[in-house]
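Before anything else, here is the set of structures, which you'll find just below.
In the two complexes below, chain A is the common chain; its partner is chain B in one and chain C in the other.
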Partner chain A sequence: MQIKVENLSMIYSPGLPYETKALEDINFTVQQGEFLGIIGHTGSGKTTLVQCIAGLLAPTGGQVVAVAEDGTETVISQKGKEAFQVRRSVGIVFQYPEYQLFEETVMKDVCFGPKNQGLSEDEQKARAREALDLVGINADEKGEASPFDLSGGQKRRVAIAGVLAMQPSVLILDEPTAGLDPKGHDDILEMIRRIRTEKNMTIILVSHNMDDVAEYADRVLAMDRGKLMLLGTPREVFCEHEEELRSVGLDIPAGPAFLWMLKDRGLDLDDNHLSFDDTADEIIRALKK
Partner chain B sequence: MASDPIIQLKNVSFAYEQGEEVAPEAAVKAVDGVSFDVERGSFVAIVGSNGSGKSTLAKHFNALLIPTEGEVLVDGMNTAEVAETAPWEIRQKVGMVFQNPDNQLVSSIVEDDVAFGPENIGIEPAEIRRRVDESLKLVGMYEHRKKGPHLLSGGQKQRIAIAGVIAMDPECVVFDEPTAMLDPKGRKEIMSIIRTLHSQGRTVILITHFMEEAAEADRIIIMHNGKVEADATPAEIFSRKDLGVLEQPFAVRLAKRLRESGIEVPADIVTDVQLAEYLCKLK
Partner chain C sequence: MAVRDITLGQYYPGDSAIHRLDARTKIICALVYLVSLFVVRSFSAFALCIVFLAVVIIISKIPFKFISKGLKPIIFLIILTMIINLLFTSTGTVIATLGPVKITTEGIYRAAFMGLRLVLLIFGSSLLTLTTKPIELTDGLEKLLSPLAKIGLPAHELAMMMTIALRFIPTLLDETDKIMKAQTARGADFENGSLKEKARALVPLLGPLFVSAFRIAGDLAMAMEARCYHGGSGRTRMHQMKFGKGDALAFAVMAVYLALVIVSRQFDLF
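What follows is the complex of A and B.
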């Protein structure tokens, strides 16, 4: 399933003194199986954007279109059965998803989505097992445990499994690593990468961490005050447009940020590098010159 | 340097209540036999994985929790004794900023929120006005003083929460993952406020998962399973290989790589700014 965002606009409280243009004329396309990173400040419209893509919000202008393999186009926010089915194929994991756990056992919690989809009990359980397996939780060991007795990182995995059990073809994650320790952080991102490879799932990752976006995403979309500011590969966005990102106060990954810092202090080097290795090599080259 | 601790932990243990069926000696200790002193005016970072006991420990610094074993002295006062009679004496000395700013704001107007603490301890109105203005200026939120907190961003709300703590004029401020919910700009603003507070001579205790933030402290304490696993300067901590929970900051990893290719970098360099300044001097 391909997602086409066309002239998307969203105005909150139209006509009131607090009228806010959260999104203004956004256009882009996400291919099936692509990993898209979305960056931007608090208040830049990232969350509104992903909520429109998931069909949780109906935009005030423009539309989000889901294009099926056979070319059928469905407007995500429209009424009717087709759009309802399409919305089910877009899963969204909110910030701090573990706050949404509510059932008595891990198994029941993960079954909640499939149950609402009207699946039989056996199917629900099969889905839940598969989803728990994807997030690295052993259903035999933890299935009957209360989700509230798990560690922070495990709770988050169970919450993500709850979304995966609905077998979405697009998975949206809003800051999935917030508040986790460095190891938990890396584990979650590796898990997302694995799920994407195994299931050819489209991943849309909203993140404040530029290093993560640079490492994991195929393309990066930068939002600024409701507008699409930049869209391109991590190299294009972070290396060719770093001045623009800085002008709106956005970070760039640690490598180019450090090169920039050296350049700013008068060292003669090329700051057009993204990875840690390339950054280190460039500094060594500049120092030994 | 003569030792002048503001906080002393003496063999502190803490176990959350487990219900009646668990015998007290079998209860899991969230904090287990921790002892250390925090020097007045120092900047200490506490790191450790989720569930290592960092936040439980932090709540002992201003008597929000009383140890189940051992004792905590704040400026010489035993928290277990003072908590019964005059806990505000401790909380005036040690202020606390939590992760989620939404849980810390109480008023519908920014300046009222900042005035809440001083009003509660009976400060004169003129002095409250002075403290509120000064605190809001320090966190860069003075222009927003008449606004409602709900109209502010997460980073701005966190700055209001900090202003509310500073208005109490504490000697020590404990930050429990203050930047976990903020965007990069918000994080930088909070770190800059932390540096200012430290430079004013206040004691700062920062609990964080971000090693770049911890690298700025004078001292890092690593917690693991409720115990202190390591307690040393950032340079020493980041050069040790046996500390599993840690991720090395960018500058430390880069310095290591440079050394491997024959460029000398002193071991005490742990932040980006230190490394950049050093490298630029080489050329």
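What follows is the complex of A and C.
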């Protein structure tokens, strides 16, 4: 499924003194299977944008269109059954998703989505097991535990599994690593990468962390005060627009930037999706050659 | 989302003469106005109340549309009150009969009267909260209630509880909005279905909301203790409340208004 965002605008409280333009005339397309990173300072409209894409907010102007494999176009925010089905194929994981857990057991909570999809109990359980497996939680061990007894990182995995159990074809994650320790942070991102490869899912990742976006995303979209500022590969965005990014309070990732500089100076390097540690190894490898 | 549209108890930023009045003045004036609505016995006297309210609204520079939005959550209650008055008033001339229920002229009069009174009550009280910051409001209340502390009324604690409650309304609304969206994304349906299904659909919303509320309350208590909060005794204020010329004028106007309303009882036209 391809997602087309066309002239999208969103104004909160129009006509009141609190009126705020959260989004202004945004246009871009996300391809099936793509990993898109969205960056921007606090209040730049990232969360509003992804909520519009998931059909949870009806935009005040423009539209989000989902294009199916066979070419049928559906406006995501429109009423009716088709749009409803399409919305279900877009999964969204909110910031601090563990706060949405409510059931008595982990298993029941993950089953909530599939249950709402109208699946039979056996199917629900099968979906839940698969989803828990994807996020690395052992369903036999933790399935009957209360979600409130789990650790912070585990709660978050269970919450993500709750969304994955609905088997979306597009997965939106709004700062999925906020408030986690470095290990939990890396684990979650590795998990997202694995899910994407296994399921050929489209991933949209909202993040404050430039290193993560450079390491994982195919393309980066930078937002500034409700406007689309930059869109391109990490290299295009971070290398050619350093000044602009810094001027709106964003940063450029240290590791990849260093690699790109070395490559420009003639070193034969692989600069695709490298973590900080791999960057060092790659430089050593290239230098040894 | 509907939860964002609640205006009752919301502050409308502005710098009008009404906004600048001392919170205590506004609380007393609002109380007097609400009492005056119960003193009134006739529609002709209500005209006085409406004109007075209209003048205050014009001075406050708050768009009427914004104030009338406060009616939305209570419109059901108003209509219900009107219907009950309409159907169960048996005095007066009978106009129509529906089985055991008689509709009388007196019933129509009372329904209109009660409806108007409720609308004015809501407008009058929401004008207070629209022109006064919640913090000023509770500070004002604390000051007004402080003489009662001598007879054991915990004025400071009450005011602090109200401040906290008001402060966390937007936070909890945001939280509700967020959880609702998250559960909607998981296929929960809060709008359709029978009453029973709707009630059941609230579990995934209320569960996490309570957990959040307790978490927030715990954090807040910790933060207050960390800043040595130990109740009201010996606490000083950053902003001292002072009555000014405007307040004296407001009290004078209010006294004249109240006198007029009481006098109007002698001359009930219709």
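The rule we apply is simple: the second predicted complex is superposed on the first by the 254 of 289 C-alpha atoms of A that agree within 3 Å, B and C clash if a C-alpha of one lies under 4 Å from a C-alpha of the other, contacts with A are read in each partner's own complex, and residues count from 1 in each chain.
Methods note: a contact is a pair of C-beta atoms (placed from the backbone, for glycine too) under 8 Å apart; a residue touches a chain by one contact, two chains touch by 3 or more.
These figures come from a predicted structure and were not determined experimentally.
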With both complexes superposed on chain A, which partner does A:P97 reach: first (chain B), second (chain C), both or neither?
second
For A:A54 in the superposed arrangement: first (chain B), second (chain C), both or neither?
second
Broader residue contact with chain A after superposition on the shared chain, chain B or chain C:
B
Between chain B (first) and chain C (second), which, if any, makes contact with A:L267: first, second, both or neither?
first
Chain C contacts chain A in the complex at 4, 12-13, 66, 175, 178-179, 181-189, 203-204, 207-208, 211-212
Considering only the defined contacts, which chain A positions touch chain C in the complex?
13, 16-17, 51, 54, 56, 88, 91-92, 94, 97, 99-103, 112-113, 115-117, 148, 162-163, 166
The chain A residues in contact with chain B across the complex are 41-43, 151-153, 178-185, 208, 210, 249-251, 254-255, 257-258, 261-262, 265-267, 276, 279-280, 283-284, 286-288
In the complex of these two chains, what residues of chain B are touching chain A?
48-51, 99, 153-155, 177, 180-186, 209, 211, 245-247, 250-251, 253-254, 257-258, 261, 263, 272-273, 275-277, 279-280, 282-283
